[in-house]
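The same subunit A turns up in both complexes below, where it pairs with subunit B and then with subunit C.
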Partner chain A sequence: MSTVPTRTSRRLGDLPIALTFLLPALLAAVLLRLWPTAKAVWDSLRSTALGVEPTHWVGVEQYRTLLDDPAFLNSLKITLLFGIIVNPLQIAVALALAVLFNERIRGAGLMRTLVFLPVAIPQSVSAVIWAVAFRPDGPLNGVLARLGIAPQGFLTSPGQALASIIVVVSWIGVGYWMMFLIAGLKEIDPTLYEAASLDGAGRWARFRGITLPQLRRQLAFVLVADTISNLLVFAPVQILTGGGPNGRTDLIMNNVFERAYVRADAGAAAAGTVIVAVIALAIVLVQFRLLSKGSD
Partner chain B sequence: MVVLGSVIAVLFVLPLWWAAVSALRPQRETFATLSPVSLWTLLPRGLTIGNFDRLFDAEFGRALLNSTVVTVATLVIGLAICATAAFALAVLHFPGRGVVFAVMVVSFLIPFDAIAIPLMSIFRDAHLENTYLALVLPGVGNGFAVFLLRGFFLGVPVDLAEAARVEGLGWWGVFWRIYLPLSRPALIGAGLILFVFQWQAYLWPLLIAPDPEMTVAPVAIAQFAGQQGVDFGAIFAGAVLTALVPLLILLFFQRYFTQSVSSSGLK
Partner chain C sequence: MHQNRTFALTAAAILSLAAAGCGDGGDDSGQDAGGNTTLTFVNAQDPGTFDKVIAAFEKANPTIKIKQQAVPFDDLNSTVQSRLGAKDADIDLYDVDEPRLAAFASRGFLEPLDDLRGQAEGKIDPNALKITSYDGKQYAMPRWTSTQLLYFNKDLLAKAKVAAPSSDPAQPITWEQVTADGKKAQDAGAKYGLIFDQVDRYYQLQPLAESLGGGPGLSGADLLQPDVTNAGWTRAFTWYHDIFQSGVAPRGINPEQTPGLFATGGTAFFAGGPWNAAAFDKEKSVDYGVAPFPRFAPGKPATSTDSWSTGISPFSDSKDAAKKFLSYMTIDAAGATATTSNNIPVQKEAFQTYLKNLGAKGERYQQIADIIEQSLGATAVSRPITTGFVDFESVMNKAFADIRNGTDATTRLTQAGQELDRDLAKYRTK
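So, the complex of A and B:
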């Protein structure tokens, strides 16, 4: 253990010891993430259609077929529509709740925990609870009946099914994202607010002038992490609607899962998987852009 | 403010409250009080533990045990793997550190659910189906946990490590005796991330562990909604039991969780 490094050790730095520290994580990264990703790409370039013919190279044929399939295109469209609505909604609500529960109000800690609770429960369980809530004879329609409103179809209504999924997914996710934003709020220097108050800035002006810019990094992170988790929503869809009615809630993961397991079309499922992974990675790259800009 | 906050908190917890109440009453009572809605929708009349009986007749205890074993193993192994990697990436100097970091980031940020299907066929080829190992492995490497810990480690003053090195402490000693004890909040935060990932796991266990012996709690509960109708009482009872563990942990660690995320700055 020399404190004066030789020339070789200076060039290699702490490489040998660093490798032992890194090895388990690197193995996990390569075996559990990169290999299956490579396998998905490889499978997607070959035909494995139902064992009728031996597996052979088909190039981008799977992608062409998939992108010509109206059901897949519909699924992309639904996923995009879902994302456009659910992401801003969740972030706005999470931000509003973070600001509210960051105030010095009595019992704020308990309230935070209650809002955070749904994320601690398996999504399959949340989905089953909401499935009852949305029933034709369920409590939501019961409340509507009290208010003199006709019963709604919710999950079975083509116009309401996606909105119902959005409600469930947001109920689950909003508290989780709120926690990251609260953590960001706690980092803001209180003297900034004091100075602004002395200058006569109102509540809204302080929010826009201090809170939002100071929270930029956390907001960028939440935006992208939330977008990815919403891209991958699966259990609530599978349990609540199975993608129906008429494909109105057929989010991309549900579509890929069905191709793999209901229709046993491994090639198409692999191509779908690659497309999902590419979309997700594109979102992650945007994350790094935003984060590196945020730290300037 | 207090009123607004309370109303929101109650609205969020209402579905869970209703599920908990419904777990403790006969199923017909649950549905008889659904519509029209009344106070009795949210308050139990005539308590019963029949729902829990049916749940445990269906080996739910086994599923809950499986979930616990898998989650605890993930926590211990995952924290070890993520913390050592984060330490190397934050503290040690070696050629190619940037490249290793990039590989790690990119690979862990490939969404796991998206590659679950190809990963399943790899695990099948390795005959890992229906094993605890197969359930635990995908949860142990978590990009976000590595980020959290690396950010925290970067904030530890370098002088501490250097002084210890001069005194003859090896890097493992520095990691174990200096960095880990200082990083308790970050470790709790990373632990919670790993915990939530594994406790929530649904798609992967559904794919890789179809054997009833190996079923985890979320999958077991979903199975009460089968082809022969839905046993809501048992589902709610299962939901209550499944929620209880994270609830206690969250109430206990919530303060640390916020702290650790903020002090790491999500770097």
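So, the complex of A and C:
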């Protein structure tokens, strides 16, 4: 009998090895992604466990109650407002800085590092630092006083708290997203710019005609990733305002966290999580659709 | 080739196991082969708090070992709740924040301890036993209690030519006077007039409304009806709003930062607990005096109280051993003294020992001891014992923060009342 394996058995022979090597990744995906998602959906349809008695089925009633709760609706509204402002702002600033630091100007490397630096600081640490800066008797108001401007409430003022949170998350976010865009800029073929210059295209025309279309893939990634990460902002809110004043910074993740870990209302928290996941999915789908339009 | 494949399979299998996070801590509870029992005690105290009492207990009971599991305060309730919800037998004893006892007891997370109550009668302060019972049953054994007092900066008041408040425990100064004197001190150079230790926590602010007859903020048979818009509450929190509005008290400060503002010498008055004194002693920049916790002029004195108790899990395998330890820690005079640490014990003999030791530390500490004795006996108001306390407290703490930051008190308390009406509904139907 020949010992040379046939083609099929050789193929099958590799399969167990391939599968075993894939197993850690598959296990991780199931344990860390699929199982929690399924559990959140299941929990969201059942009552909150009040002790040792088993929970019972409440179905969509959970969602109805949640969407009827003015506090939850307020947090959806605040999250929407936050998203509408923070995402375009961060991407525009990151893009402007990326284009600026990509130019051959003196000190661009150093500036780039300085803008990127906050990324290396954990969000919670930077929130603590900003808490001191924003204190009514803190350094920011000290600077304003020097300039003859009246002291501001910042985090304690319902009108300024959300804007203050936007400053904190952008301080970190802008540098991070900028690095992706700079990487994209480096990949653009310089001859395209040369050709455009020869054709008499100005700075603005080159930016619109070459930089933006060539950067589309990186911009698409940054847009989607930034939107999702801003939808999930939590630590700065929890540390700086706890959702206040008057619920004006109660972003959705803070609201869900409080339901789960302060009030121990697991059912409502799971329903909130499912709603966040659905919103995130919807945003990603719409953005991909928009970005794939007009592409080659 | 074959060997390579075997190696690859083994490597991949090991990786998978590692990724799946296998491994278990092993068996912790119950008896081992030698007849020894190990009890697991979950608490949120500073390391070392129970070292003395555990050492003394283990010496007297060589077959019982106590293993501590310390969790951060903020995580204690959720940890206990999730583990007991899964009927985890690994927890034998755990610390119960007294206002949360009703919620735990009603959910079946606490073993009734009526036999221990019998032993405790006459030995433990009856108020402390009352606050740890629910529905007529004893569910945890009270360990410590707490109170509040007023600290003042002698130099700042002298500079403003303001008379220092009396340290006579029966003669509390009024909040109106504290506000006026604080303002004068600010005019004479103090940075702030008055700071509360726990600026937006119900524990410290409840007595403001209680002083004006506003009650705890909950009414009805099960204390599940919000009552935070009555005249007492409105008046108390309008005053609270105004001290921040006028700049007597500072906005935007966390509870963690408040003692520091008094300790560094820039603040005229500080409302806090006896535990703050140790930190102030370390700072040479502040010469301070103590007075009883203030009251409102038209009202009566009222002070915060209560602290930690310890309960036994109904799922524990070693309830008898756990009861033995709990009894030693709370009912036995020597045990309760060893458990005192920096807190006020509720065991009567241990309490007297505590006051004596405190008074021996000097004149100012003797005044603190007198204030503690008077306030615990005459003016203490407990937090409401109700299954809805956690929701109530979290709604109120947010309201206090908003009022401090400038929201009108009447409007915000009305809103809090509506939120509570909604949130407490789920307990009313149960």
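Everything below uses one rule, namely that the second predicted complex is superposed on the first by the 262 of 296 C-alpha atoms of A that agree within 3 Å, B and C clash if a C-alpha of one lies under 4 Å from a C-alpha of the other, contacts with A are read in each partner's own complex, and residues count from 1 in each chain.
Operating definition for what follows: contacts are C-beta pairs under 8 Å (C-beta built on N, C-alpha and C of every residue); 3 or more make two chains touch, one makes a residue touch a chain.
This one's a predicted model, so the numbers in the text were calculated from it and none came from an experiment.
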With the two complexes superposed on chain A, say which partner A:Leu34 touches: subunit B (first), subunit C (second), both, or neither. first
Applying the touch criterion given at the start, work out whether A:Gly148 contacts subunit B, subunit C, both or neither, answering first, second, both or neither. neither
Looking only at subunit A, is it subunit B or subunit C that touches more of its residues? B
Which superposed partner A:Ile17 touches (first subunit B, second subunit C, both, neither): both
What is the contact status of A:Gly200 with respect to subunit B (first) and subunit C (second): first, second, both, or neither? neither
So, does A:Pro190 touch the first partner subunit B, the second partner subunit C, both, or neither? neither
Return first, second, both or neither, reflecting whether A:Asp43 touches subunit B, subunit C, both chains, or no partner chain. first
Looking at the overlay, does A:Phe134 come into contact with subunit B only (first), subunit C only (second), both, or neither? second
Quick check on the superposed pair: does A:Ile228 touch subunit B, subunit C, both, or neither? Answer first, second, both or neither. first
Once the two structures are superposed, pull the subunit A residues common to the subunit B and subunit C interfaces. 13, 17, 21, 24, 28, 131, 135, 137-138
Using the touch definition up top, name the residues of subunit C that touch subunit A in the complex. 5, 8-9, 12-13, 15-16, 18-20, 77-78, 81, 84-85, 87, 106-109, 191, 250-254, 390-391, 394, 398, 401-402, 405-407, 412, 419, 422-423, 430
Could you pull out which subunit A residues touch subunit C in their complex? 13, 16-17, 20-21, 23-24, 27-28, 31, 49-53, 69, 71, 131, 134-138, 153-158, 242-246, 258, 261-264
What residues of subunit B sit close enough to touch subunit A in their complex? 1-2, 4-6, 8-10, 12-13, 15-16, 18-19, 31, 34-37, 41, 80-82, 84-85, 87-89, 92-95, 97, 100, 103-104, 106-115, 117-119, 121-122, 137-138, 140-141, 144, 146, 165-166, 168, 170-171, 175, 196, 199-200, 202-203, 217-219, 221-222, 224-225, 232, 235-236, 238-239, 242-243, 246-247, 249-251, 254-255, 257-259, 261-262, 265-266
The subunit A residues in contact with subunit B across the complex are 1, 3, 11-15, 17-18, 21-22, 24-26, 28-30, 32-37, 39-40, 43, 97, 100-101, 103, 105-133, 135, 137-139, 141-143, 145-146, 171, 175-176, 179-180, 182-184, 186-187, 217-218, 221, 225, 228, 231-232, 234-235, 239, 253, 256-257, 260, 269-270, 273, 276-277, 280-281, 284
